[in-house]
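What follows is chain A paired twice: with chain B in the first complex and chain C in the second.
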Partner chain A sequence: MEERRYRSASGAPIALRRRQHSASCRELAVRCPRLQLRSLSAVTSAVWLVAYGLFVLSENSMVLSAAIFITLIGLIIYLHFVKIDQESLLVIGSLGIQVTSSYASGKESTTFIEMGQVKDVVINEAVHMQKVIYYLCILLQDPGDPQGVSEVVPLFQSSKPRLDCLIEVYRSCQEILQQRKTAPQ
Partner chain B sequence: ENSPAPLPERAIYGFALFLGSWFGFMLYLIWAYVPETWLFSLGLTYWPQKYWAVALPAYLLVAVGIGYILLFGINMMSTAPLNSTHTITDNYAKKQQQKKFQEEAIPALRDIPISEVNRMFFLPEK
Partner chain C sequence: MVLKVFFPSCCSLAESGILIGRWISEQNSAVILAVVHFPFIPVQVKQYLSEVQRVTKVGISVLGSWSNSKQEKEESLSEFLEDLGTIFSHEPWIQISKEGDSKFWSCSTLQKHSNNPKEEEIILVYYDQRKVMLSHLHPPLDTATSTDHRADDASKLSAIFDTVAKSKILFMTDRYDDGPIKLTHWQSDGVEASIIVELVKQASVPACMLLTFLLSLVSGICRSRVLKFWPLSFLWSKLSTCEQLGHRLQHLQVISSNKKAQTQTQLMRKANIFVSLLIDVALGILLMSWLYRKNRIGHLADTLIPVADHVAEELQDLLQWLMGAPAGLKMNRALDQVLGRFFLYHIHLWISYIHLMSPFIEMILWYVGLSACLGLTVALCILSDIIALLTFHIYCFYVYGARLYCLKIYGLSSLWRLFRGKKWNVLRQRVDSCSYDLDQLFIGTLLFTILLFLLPTTALYYLVFTLLRLLVVLVQGLIHLLVDLIDSLPLYSIILRLCRSYRLAAGVKFRVLEQQDGKPLRLLMQINPLSYGRVVQTYRLPTYSCYPKDSWTSLCKKLFLGELIYPWKHKGEKQD
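Here is the complex of A and B:
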């Protein structure tokens, strides 16, 4: 088990942890940076300043209670639905690939793709928000056409690692995926 | 055949356009500035309201400003999302035919599948 530090596409520090459970089973987890105290206090101060300004203009004290309420509810929604703490990829050679996202509130959302549907795991480049980024994705097999790709499943969407981290993950996945070609069916 | 060199016909078109645009501009100024009573006394009673002499340029400028934002938005909307197969292949690549490999000839141009490209770029150890 080893952990290495990399950078995300926007420059934030991320960490990649690799674990080899067996010869045909690997787990790769990317940990995103935690919620920063300074950005949390900046947003809270901005919202409360605006609310205080509205209170001074309107003389209605409900604005202040509403601002506190909104800040609390907004923080809970952000931690539970938006802020991803860790994204992990579990590749089991003969079985399939499991993608897990853990949110900051503790919620985990998992997707499992069985190996029969997986055509390949590749590093693709695409235009995203006025930038060209590299991202890892799983190509799903088209049942009718052996050469065709029916669907593309992008991985590590919120941590967006840079190419050096993606190459490590790609090589680990390819070692396992190549075993299924050499192994007898 | 279709060269951009000057020709007599093009000179005539250019001059006609020049005269036409000057005439149009003078007409617009007359319509905007000459008082309505003077125009009525000349018999020109059915010209559009002078309101439009100000409204149309205003509409045009706002449309140009919105056009910048609209073009930006249309570009963003037509960018393929990260989970679409259009980032990997398209109709021409799917229907391409494999040409036979000939010795001592330059290989035919074709779209190489992304798995092969990835293996070539990323698998070899440094």
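Here is the complex of A and C:
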């Protein structure tokens, strides 16, 4: 198991952890930048300042309790539905590829794609506003057309690693995917 | 090539024996269903397996051997197990052995007729047998709708789920049965059964028959000729309460039918309808008890007439305002007075009718309120119908205003064409040029100017009454939306997803367990449940109303031209 530091597309520090469980099974996990205390306190103070301003204008103390309530509920929703802590890729040769996102509140959302549906894993370029960003994606096989691609599943959408990190992940995946081409199955 | 062995986690503590299950050669995987213990007679085992295969249509065979030894590996036992491979010939013969309490098992295969002597890698996947048996795998949405779906393209996982689900009969024998074969599987410690479930099953047959008989009586009455006479049938089609009652009757017929549900979808639909009806009736009875306590329904009836009066008075004030100089606009005096007086007279008639009915209102409302026990949806539909009846005069005004405006617009457009020297060709459905006589042109121009200068007055009346009508339609629409929500929500599926989430599977997820070098890769296969959004989408009950098919542009066009709009059309009604 090894862990290396890289940078995301926006410059935040991320870490890539690679584990080899067996000859045909590898796990690659990218840890996203953590929730910063600075931004959390900035948002909370802004909301409470606005609420205090409204309270001074309207003389209604319900505004203050409502502000506290909104901050709490907003934080819970953010941690449970928005903030992703870690995105991992588990490649099991001859079974499939599993993509997991774990949220800051501990929730994990998993998708498993069978090996029969996977055509290839590639690095694509995308033009986003004024930047060109690279992203890793899984190409799914079209059942009717052997040359066609039915769907493109982008990976690591929240951590957005840069090209150097993506190349490492790409190489690891391709080593396992090559095995299925050499095997008679 | 990689060999995948799906091992049930309940068999980890089983005594030594042989493994039976299904070998899926296309995927190079073995699904192990149970362990047969020593002593056994091979002929009897083969007989038993062929019987099970005949009943379940799943290709079960002996796949290998399982040895669970408390001490060190015994050489003699391992040779004995290898010899078994010659009796039950299976290619490849899988040998799994566990020493003591170690988590790491050794797994090897014996290939007699193989050309490549290379050791193949083995992956050991543990699965929870009971959960996989009860679970229903839902294919992803795009493959579920595609029709050119070949059998051999079926998902590999669905083959595994099918194998375990179809082998239910194998799990019916437990270790207390006296038979020649001793098995270990998830139910081998005693077959699970619930007294309540058995009692309900026994009681449901006569209950269903009674319900079917009652329903046939009710539907016979509904279909009788007495109710088909013209005024009554028109009334029934306009009242939404009758639609809702008919819909619920249909639901009851589905539940009370004697045929057992064949597929998972049918079973879920029956269960959803049953739970939805139950909750509906429970909420209705709750509402009824709240209404009849402290005579609230009497208070409601008392306030109904003053509210209707108040609405009529507001309308009269509105008309007086229109007859003056509304919003500073200057109306045509004569037409204004005519239209205003016409509508005022209507309101006067309406108020008189309401006052005529007022002594009977409380009694009618009291009896109508009793029908809330049929369900909350019926109560909401009755509310919607009462609103429709109370605002009937607004509907009438809207129709008058719309017809007048529509006539005016058509007249204007036709005379405008005359102005330009063109004419509408009905045969060819297009505009053609035409030469008019002088007197035709003169009359046409006169009429055009008259209609044009009277347009603002008519347009204003039309606008005001259309807005009022749209308001009423909005309120009725919201009530119908709520009724549809209660009708179509699959409550049983949502509760199942909440409490027994493994029953509705969107897929699987694998967890890598502790590894040891030299031993096969150990994975745990768990069920990935469906998301709530997909549960509601897959198991929604169909409703009888279709939502506005008119897009916003066509609606605006209809409003501009003065055509009557019917935003809430029901399925089965003639489209105009």
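Heads up, the rule we're going with is that the second predicted complex is superposed on the first by the 183 of 185 C-alpha atoms of A that agree within 3 Å, B and C clash if a C-alpha of one lies under 4 Å from a C-alpha of the other, contacts with A are read in each partner's own complex, and residues count from 1 in each chain.
By definition in this document, a contact is a pair of C-beta atoms (placed from the backbone, for glycine too) under 8 Å apart; a residue touches a chain by one contact, two chains touch by 3 or more.
As the structure is a computational prediction, the values presented were derived from the model and not from experiment.
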Clash-or-fit label for the pair chain B, chain C on chain A: fit
Partner chain in contact with A:Gly144 - chain B first, chain C second, else both or neither: second
Superposed arrangement, angle subtended at the Cα centre of chain A by chain B and chain C, nearest 10 degrees: 80
Minimum Cα separation, chain C to chain B, after superposition on A (Å): 15
Intersection of chain A interface sets (partners chain B, chain C): 150-151
Contact set on chain B toward chain A in their complex: 79-80, 82-85, 87-89, 94, 113-115, 118-119, 122-123
Chain C-facing residues of chain A, complex: 21-25, 27, 90, 92-95, 98, 100, 110-112, 114, 116, 143-144, 150-151, 183-185
Complex contact set, residues of chain C against chain A: 1-2, 4, 28, 121, 123, 125, 142-143, 146, 148-150, 153, 155-157, 507-510, 512, 515, 520-521, 523, 528
Complex interface listing, chain A residues touching chain B: 119-120, 122-128, 135, 137, 139, 147-154, 157, 167, 170-171, 174
